[in-house]
Each structure stands twice: as C-alpha cells, then as structure tokens.
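Pasting the structures here.
Heads up, the next two complexes both have chain A, just with different partners, chain B and then chain C.
Take a look at the complex of A and B:
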C-alpha cells in the first residue's frame, strides 16, 4: 500500500519533469523547479545560521578513510557506506581489467581502495577539522553536503544521494543542548511558515544488527535524537525531514576537540534534509509551484 | 621548483583559513571567503546560460554503473575513476569485516560494488537522460556537479574533488560547434572582466597508456578540445581553468540521442573549473578579498 503510493508520487514527479530518472532507485536528477524550492527553503536555514554567526565551511562529499575508520560507522552502519575504489596498475593490469569487463565479470574486484569514503552526514568532516583547543564559549559551524546512504528504495523520499544542511555546535554541554533545543523550535516554526504541519518525536539511528538494537534503545533512553516528521507518501508513516542530535562528548573525544582545561568538548548537530523537505512541499502544495499560495511563494523567494 | 611553489601556495591558503586540510592531498574544506568567490564567478556563467535559455538540470555527484560502463571511461581514464562499494551481508559477515579491520588488514576487499560510480565530469549524467528524439533546433543544458578524479597531488589546483559548471549543447554539428566557439569567446571575456589574463590553446584529455597517446593525438588533430589557461603556481605551466569540447556524434550515438530523421545528435560541452578559477583569482589579487579592486569585487558580487 505504502509502496504503491511511493511509486505513484515518483511517477508524477518524473512525468512533470521535476525529477529525472537515471535507472537506479534513489538516484535522480533535479529540475530548475525542484532546485528553486531547495534554494528557497535553504535560505530560511541560512538566515538562522547567520543570526548565530555560524562559521561557513564547505567540504566535498567525502570523508577521509582514516577519519571514517576512527568513527563508529563501520561498526554501526556498514550497510549504508560508500567506499571509493579506483584502478591502480600498469598497462598489463589495465588489459586484464578490460578483459574482465568484456567477459561480463565483476571488474570492480580488481580495484584498489582510495583514501576517501562517501560522506554519510554533512557534519562528519567538521569534527576532525576542529581538532585541538576550542574556546569555552564554543563554536557553531554551518555545512551543506551531498550525503550517500546505500539504501535503494522505490520511495522518492529515500534517495541514495541527497543534500543535508547542518549546523553543528561544539561547546559546553549546556550550550550544546540549548542550541539543539532552540533549533528544534526554529525548525517547527520554519516548517509552519511554509504551510507544513510538522511534528517532532524522539528517534534513533538505523544501527546495524542485533547489537545495533541495543544502541538504538540507549539512544532513545537518553533523549539524544529528535526528528521533525511530515507525511510525504504516507500519513501513518511520516518521513523525517529534519533531525536534532546531541552526541555528548562522543566526537569531541574521538577527534581530540577539547577546552583549555583538557576536558572534551560536547557536540550537537541539527540537519535539514533538503530533498525530503522539497518533496513534502510538492506533495502538500502540488507540483505546479506557480499555483502555490502567494505568501509561501514569497517566503521561499520563488518569485 | 614547481612543486615548491604549489606547496607554498597551499600553505598560505591553509594559514589564512581559506582552505581547510583533511590529511588527504587534493581533498580540502572551503571557507566562506572561498565560497563567495566561487558563487561570484559562477553567477557570471549563469548569466550567459540564462541568455541562452539553457535548461537547468542538477544531478548528485555520481553516474550509474551501467552508463559508466557504456562510456569509454574504463578504457580511457581507468586511473581516475571512483567506483563506489558497500557492505552487503549478514551479521556473521559483519563480524568478519570488523575482524579484518581490527587486524589492520584491507577490509575494503570485503565490499561489494554498488550501482553508482563517482561523476568524472558534470555533463556525464546529461547524455543518458536525453535518450530519444531531440528537436532539430537542439537543446542546451546547464549542469553543476562535484567531480572526482583520483590524482592525489600537492598542487592546490589539482583537487581530487572539485566543482565543474558546464553547459552542454545537443544538436546539429554546425550549431554545436558555434556554441562551443562562442563560449570560448565568452570565457575569455569573462576572465578578463575579473582581472585575469587568460589565453586559450588546443588541448587533449589525459588518456591512459600507449593506446591513449594515439587518442590524444587524434583529438588534437581534429581540434576537438580547447582550454583556457591561466598561471596559478607556475607561469611556465599555466593551469587549465575552463575547457571547450566538441564530441562529434560520440555521446549521441552511445546514448541514443537522435533527430526525428534518425541521425545521431552531435554534442559539445563547455566547463568552468570553479575551484581553479577561484585559486587563480586569489593568486592574482591576493588572499584578502577586501583589498581586491572595487570593480572586480562588484563584478563578483562580493560586497
């Protein structure tokens, strides 16, 4: 039932040329219309980031393999990763690679790992960059990146590659938690300002396997992750369109970010899923943005 | 000599916090200053694209493996590719993966290829999307994407991940060649308008191996590729900051783009390397954009 609604919505988006199919589930092109909504909503996030004097950092859509290995990703979300491999070899090796390809065999086995892995969340490259002492009043960093999660799906709202606009706070526990809580309020009011009916809820990450189930329970028990949800293709199962996470001293400890007194910094991140938000708006207000309420068009700078 | 100049310029950019190191050569974070120059120059490209009524398409930074295999990339540039692999398996397989990792062995060998490969040039996802009949007057598509090329280097202007803004013309041979030639003129005048001293030259792609040398010679003999170059860390060896390519019917034939009468469409693409252009401007006008000539600040919308 839910899959039918997903397929039908995707079909509509493709028919209206708002998205372009590539043949791989969850990998699509975006039209000018789609991008104008992304940019419009993103502008609202930027306004708040500017209020906070967040420092802008932009990273290419990867993390270094060293930092990826340092994080818990391999343990917690191995099924979602995107490790980048290339060809290293001489002309003879190349002939062998082409022979394998031409025989219809799996030539990818002949490749060698590079020093990078696809970025799983926009904030990942920030923590290693901040290694060292940070001021007691903390820092706020603004990042946007394409993220990769290997979860092929017929749901247009579950893309394998999507953009996440995050703000990250690094500081004392109270500051970091207040940052997260205030962004949760900002998020709810931003979504309401563009005609959505969001609600927030406690959440957990999709940890792998049985051990992962324990991690998920712990994460919930400690109120570490909240999401803002909105129906896209299902009212019963609304989609998370933004998330608000308190990591305690996890990343501070892992990547050596600490205060002058040597204590580990705490961190929180708030993330807006730009594709999912755009899809929620298209579902809510219709595929023809020219017919959207004038006030919402204005808020999203669509004129 | 050249490597010293490269290392020195990179060091300056890092010291001024215009770029952020990640520990991997050619993979760096960008600051607000860097991004404001990128956006400013990109705005100039967008103005011309708008004049041409180019259709905007935006793709995530990948191509499908099927389309990658259809292209000649595996044959011509295997050393530059970025194939994306993930973990597929049950909990026992996961234990095995972690054991390999913890033993300090190469756990990447245990991964499985996904359906996507990193995008080598922004225009790659366009051609398969246009499969089918195109009107005789042709189409112009505007794309921007992060691109990956595995060529680790100390040169800040040779990044492994960088953004390319491309316009692609699909149409009759005369139209497509005129498009390329007019963009070459536009490019030269755009660069002059921001105080650079560009020059254009015949060029070839970095084809792999001995067979590749032949391909490069052919490409030059047929005047298929031009570049605009500008000194960044070396006057003797200026860096290509934009390229202008005529593919004849190569992509039209490969991806089934044809006219009503069944003949294959010709294509050309023009690409602006946003990171290289930004580095050329920083080298030319200095690292403090506030001290740049007022007229150039205005042209780049830096105020």
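Take a look at the complex of A and C:
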C-alpha cells in the first residue's frame, strides 16, 4: 500500500514539474518552486540557530578516503557508502577500458579508487578539522552539504543525494546533551510554525548486519538518537525529517579532539533533511505554494 | 571459561583496565567498553566458542560483565549446570 502511495506522490511531483526524473530512482532534479521551499526552511534553521552563534563551515560533498576509513562508516554502513573511482591507466589500459565498455561488460572493474568518498552526512568533514585541543566551553559548527546514501527507492522521500543542514556541538558531555535536547524542542517549534504536526521518537541508525543489530540496540538503550517524524506518504510509517544524535566520545576519540586535560571531547549533531521537509510541506499544504496560508508563506519567505 | 573471556576481552575490548584485574561482575561499559568494541568482542567470542549469538542476546545487557557473557555462552554451548 505504502509503495503505491509513494509512486503516486512522485508521479504527481513530476507531472507538476516540481521534480524532474533522471531515470535513476532517488536521483531527481529540483524546480524553482522546490528550491524556494528548501531555501525558506533553510533560512528558518539559520534563524533558530542564531542564539548559538554557530561558526559556519562549508565543504564539497566528499570526505577524504583517510578520514572516511577512520570514521568507522565502512564498519557500520557499508551498504550506504559511495566511493569515487576514476581511470588512471595508460593508453593501452584505455583501449582495454573502451573494449570492455563496447562489449557491454562492467568497465568499472578497470577503475582505481580516488582520495575521496561521497559525503554520507554533512557533519563528517567537520570532525577531522577540529583535531587537537578545543576550549572547555566547546564549539558549535553550522554545516550544509549534499549527502549520498545508496538506497535506491521509489519513495520520493528516500533520495540517494539530498541536502542536510546540520548544527554540530563539540564539548563536555553535559553541554553536548543540553544542545541536543534544546534543538529537539527548537525543531518541534520550527515545524509547528510552518503548519506541520511533528512528533519525536527514539530511533536508531540502519547499521549493517547482525553486528549492526547490536549497535542499533545499544544506540536505543542509551537514548542516543531521536528523530522528528511527519507523515509524507504514510500515516502509519511517518518519515524522519530531522534527527538529533549524541555520539558520546566516538568522533572525539577517533579524530583526536580533546580538552586541555586530555579527555576526549563529546559530540552531538542535529540534522534537518531539507528535501524531506520540503516534501512534507508540499504534501501537507498542496503542490501550489501560491495557495499556501499567507502566514506560512511569510515564515518561509516565499513572497 | 572466565579466563578465555578475559583473554578475548583483552584482545578486543579496548578497556582502560587489564581484564585480569576485573571482577566477574564488574561493569564492562564503565570499564570503557564501547558499542563498536562490544561488537568486535561478540564476533571474537563466536569464533572462539563456535557459537552464534541469537537476536535476543544481541543487546547491551548480554555483554555488561564477564558473568553475563558467561551466562550467554553457557546457554549457547549447553554447558550450563
């Protein structure tokens, strides 16, 4: 049932030219209408973030292979990663590559890995840059990036490439947890201010395999991850549109971020899935943004 | 069995303390066992004792102490008395 609803909503979005199909599930073009909502909500995140005086950092949508390997992503989510490969051979190798391609065979086997991997979450490039001593009062970083996750799906809300606006807090455990809890409240207010009816729930990441099952259970037992959900194509299975994660000292330890006294920094991140939020708004208020309630248009700066 | 568990803990637990100095009921998470380390510990225990932890045992409590690990292993190897 829910797959039918997903396909129907996608069909509607394509027919109204709000999204453009590319032929690959989960990879779509965005229209001016779609982008105006993304920008509007992004502005709202910035407004709610102001009180924290977050430092802005922007990265291209990749992480270095070295940092990716250090991050434990390969251990936790191998099924979602996107590694970038290229051709580095000589002319003879090139001929061989073309021959393979022309024979309709898998030419990707002739490629060589590069120094970069597609960014899996906007905050990943941040941690390695903080290596060393951080002040006891901690730091808060604002970051936005396109992220890649290999999960092709007919669900318009499950894209393979999407933008995540994150705020990351690096600091003492109490500060980091207070930051996450405060953002959970701020997130709920933000969504209500644009006419959505969000609810929050305990969650876990989609860790791979049997070992992953244990990581997921651990994550839930320790209340490490919360999500804000909203129905998009299913009321029974609402979609996560924002997530609030406490990593304990996982990244601090891996990337050598510590305090003067040598103890590892703790980290938390809050992430807003801009495409999913936009889809939730389109579903809730209709595909014609001109007909949206004036107050919501104003809040999202659509006029 | 406890000695075997301690040996595997020393290799895979990444604990701050030497597992030999830990009591059977000492809290391993307090001793520094992380989620990722507990996964490695589980896989190493499976190899050593030739068992597979069923889904109902894949939880934090199963690995919280040397005694709790032994309880799981005894059940899985049928060694419980």
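The definition used in the following text is that the second predicted complex is superposed on the first by the 303 of 303 C-alpha atoms of A that agree within 3 Å, B and C clash if a C-alpha of one lies under 4 Å from a C-alpha of the other, contacts with A are read in each partner's own complex, and residues count from 1 in each chain.
One rule holds for everything that comes next: a residue touches a chain if its C-beta (ideal position, glycine included) is under 8 Å from a C-beta of that chain, and two chains touch if they have at least 3 such contacts.
Predicted model only: the values in this text are computed from it and were never measured.
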Which partner reaches more residues of chain A (counting touched residues only), chain B or chain C: B
Touched partner set for A:218, first chain B, second chain C, both or neither: second
First, second, both or neither for A:64, with chain B first and chain C second: first
Contacts of A:250 with chain B and chain C, given as first, second, both or neither: second
Partner chain(s) touched by A:237 [first = chain B, second = chain C, both, neither]: neither
Partner chain in contact with A:75 - chain B first, chain C second, else both or neither: both
First (chain B), second (chain C), both or neither touched by A:210: both
Touched partner set for A:50, first chain B, second chain C, both or neither: neither
Common interface residues of chain A - those touching chain B in one complex and chain C in the other: 75, 210
Chain C residues touching chain A - in the complex, by the definition given at the top: 34-36, 38-39, 42-43, 53, 55, 58-60
Touch list for chain A against partner chain C, complex: 72, 75-76, 210-211, 213-215, 217-219, 221-222, 248, 250
Contacting residues of chain B [partner chain A, same complex]: 20-24, 27-32, 34-35, 55-62, 64, 66-67, 69, 74-75, 78-88, 91, 94, 97-98, 101, 106-108, 111, 113-116, 118, 125, 128-129, 146, 148, 150, 152, 159-162, 208-210
